[in-house]
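Below: a set of structures, written as structure tokens.
Two complexes come next, and they have one chain in common, chain A, joined by chain B in the first and chain C in the second.
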Partner chain A sequence: MPMKGRFPIRRTLEFLQKGETVFKKSVQIMTVNYNTHGDLSEGARKFVFFNIPQIQYKNPWVQIMMFKNMTPSPFLRFYLDDGEQVLVDVEGKDHKEITNHVKMILGKSDKVLEAEALAKMELSNPANFGPKKYFLRECFSEVEGQVPHPGFVPLPKEMTGKYRAKLAAGSDE
Partner chain B sequence: MLRALSRSPAPVVRLLSPRTAVWVETVRGRKSRTDPKAKSKLGRIKTPPPVDPVEMVVLKERYTEYNLILRALRLEFKEQMLRKKYEEEVGSVAEERTKREEEEHRSLMALNDAENLRMHKIREQRMQKEAEAEELKKREADILRQQELENYIKEKERQILQLQEEAKDFITLDNLDQRIEEALDNPKNYNFAIDKEGRVVKRTAFQR
Partner chain C sequence: MSTRQASVHAKWIIGQVIGTKMKKTAKVRVTRLVLDPYLLKYYNKRKTYFAHDPLEQCTVGDVVLLKALPEKRSKHVNHELEEIVYKVGQVVDPLTGKRVAGKQYLEPLTESTEVSLTEKLEQLNITASTPPSVS
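After this line comes the complex of A and B, so read on.
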């Protein structure tokens, strides 16, 4: 079961996470019309083969459909929220050009992505304590170098309350 | 007075106790209802810490003032944050943002349209070239076909002419006797050898 398909690298997480195209919220459907034979559709075919998995990984809520051998020349069509349709002609283009063009027209810009990442980071502050499900640590005793919880490791005699009380009582007498 | 006091102990104590203290008689904690008291705590009588009334009054005043100020500040900041959030989501900031995004979208669509137009022009040129090339090929094929036809006809004519020429030498019923006489008069000698180039090498003498 090790590797499936012609380019199994397309199935690796590393490859999928390398995709940079994150669509704006208004893009709902993406349609690719291309041909299986012919020089002009070569770029479109490579785009479908390599870049569509990356795009779908980054935009799980966008519907992507492929139509083969229905058109004389390959194109992409995007259907937006307000009913607008965006047509992108990709005849004779290279798959890298296509991705860059699509990213430029309908993708979120780098600044926006960074701002979103920052906002997401602000929500989960690693300095907070709480249940293991949401935070890193529950008690300060879990930190390296701190006195561990007496439930797991018994405290040395000198730190226990009763020893100290006995000492105090003894010194008072 | 005692009964009145016993009916509602809280207000009397509240005058002298600190404001934020919790009025609890017992706290359950770790042990359940049925667990016995610890041996070291059997004779314990819990007494609250002693309170100096003058100090208490002064402290209460100061604390009320302090808490008032802090609470006011806290609510002020909270209101600021809420206002900012509201503006961002619903108010003027959001409107500006939508306007800006719309403008950007329009410009990007214009870019896309320009790109499409450019591709369209390129495609038109390519189609034209292809059409011309096809025309040329078709014409050439036509010419070739015609030439082939002519060659074929010429070949056939040549063959006919050759046949006609050969027909002159045919042996028919008319000149049968004449040809027999001729053949008997001129005997032919087939006894000769040929080398690889086809030249005659040796001839043996004619013998009947």
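After this line comes the complex of A and C, so read on.
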């Protein structure tokens, strides 16, 4: 059974996570003005249709607002933390050009993103054990190849305490 | 109770004015995109904020930029009006600076460098003199 809608791929986690635009910390609001008809707004319409969910997924704290049919030409407007406003004219551009341009002017660069990902990985060391909320595994028995907890799988007779005690008692006598 | 700094996590907010019945206060509706966890689609979620507007310059329907106040002004008012982005009925296109209504420009785009008709007439200096007789 296929997914519902025009381009249901937009509604998959994989597509949302593919978005590369992570805004710098100073960007607070993003406003898109575009028109519903007309060839010049076509790129802006595709941008809103495909790329806005990706951007919002990667930047959950940025407020994104869309305005339709307010002005004859489409544009993007960003409001930064220090009151500065960035105006981006989008008339006639393709949606891929728009995303690249926005990423270039207000997005974090690839190096910065990699450094952040690395710092995040360093915080969580997979060699540590503990509660499931913070660590990968709770006990060493969860590792493949190790003796599992007898609660899940009964131990072979030779390893149980009572058999060994009986053996020891038998060998003593 | 002592006032706390940075009462809201969002310093800047954009929204539409829905009410101005209060003195020097505007009721602003702010929409944010929220992901539906099952459909994985973004929908607008509304929230109303009250903003301090000392000059009472907002009308219902304006799109307005609000700035968070450093400390709460009253129990509900945490923001103040920073700038009216699009005034209802008098939207100004930021790219050209001209007034705009939907897809049309209300003001002409290019300043007409052509001389107006009356000025042209004066230049031609046509007076009510007797026309040259045609023989």
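By our rule, the second predicted complex is superposed on the first by the 143 of 173 C-alpha atoms of A that agree within 3 Å, B and C clash if a C-alpha of one lies under 4 Å from a C-alpha of the other, contacts with A are read in each partner's own complex, and residues count from 1 in each chain.
The rule is simple: a contact is a pair of C-beta atoms (placed from the backbone, for glycine too) under 8 Å apart; a residue touches a chain by one contact, two chains touch by 3 or more.
Values in this document were obtained by computation on a predicted structure and should not be read as measured data.
Novice: Do chain B and chain C fit side by side on chain A after the overlay, or clash?
Specialist: Partners fit side by side after overlay.
Novice: What is the contact status of A:20 with respect to chain B (first) and chain C (second): first, second, both, or neither?
Specialist: Touch status of A:20: no partner.
Novice: Touch test for A:73: chain B only (first), chain C only (second), both, or neither?
Specialist: In the superposition, A:73 touches chain B and chain C alike.
Novice: If you tally the residues of chain A touched by each partner, is the higher count for chain B or for chain C?
Specialist: Larger number of chain A residues touched: C.
Novice: Could you say whether A:142 touches chain B, chain C, both of them, or neither, answering first, second, both or neither?
Specialist: After superposing on A, A:142 lies clear of both chain B and chain C.
Novice: After lining up the shared chain so the two structures overlap, which partner does A:64 touch, if you call chain B first and chain C second: first, second, both or neither?
Specialist: Only chain C is touched by A:64; chain B is not.
Novice: Between chain B (first) and chain C (second), which, if any, makes contact with A:101: first, second, both or neither?
Specialist: In the superposition, A:101 contacts chain B only.
Novice: For A:87, is the partner it touches chain B (first), chain C (second), both, or none of the two (neither)?
Specialist: After superposing on A, A:87 lies in contact with both chain B and chain C.
Novice: What is the contact status of A:42 with respect to chain B (first) and chain C (second): first, second, both, or neither?
Specialist: Neither partner.
Novice: In the overlaid three-chain picture, find the nearest pair of C-alpha atoms across chain B and chain C and give that distance in Å.
Specialist: When the complexes share the chain A frame, the smallest chain B-chain C C-alpha distance is 8 Å.
Novice: Common interface residues of chain A with chain B and chain C?
Specialist: On chain A, the overlap between the chain B and chain C contacts is residues 73, 87, 89.
Novice: Over in the complex, which chain A residues touch chain C? Could you list them?
Specialist: Contacts found on chain A: 10-13, 16, 28-29, 31, 35, 38, 52-53, 56-57, 61, 63-65, 67, 69-73, 75, 77, 79, 81, 83, 87, 89.
Novice: Which bits of chain C are touching chain A when the two form their complex?
Specialist: Listed in rising order, the residues of chain C that touch chain A are 9-14, 30-33, 35, 39-42, 63, 65, 67, 82, 85-86, 91, 93-95, 100, 102-105.
Novice: Of all residues in chain B, which touch chain A in the complex?
Specialist: The contact residues of chain B facing chain A are 108-109, 111-112, 115-116, 119-120, 122-123.
Novice: Chain B touches which residues of chain A in the complex?
Specialist: 73, 86-89, 91-92, 101, 104-106
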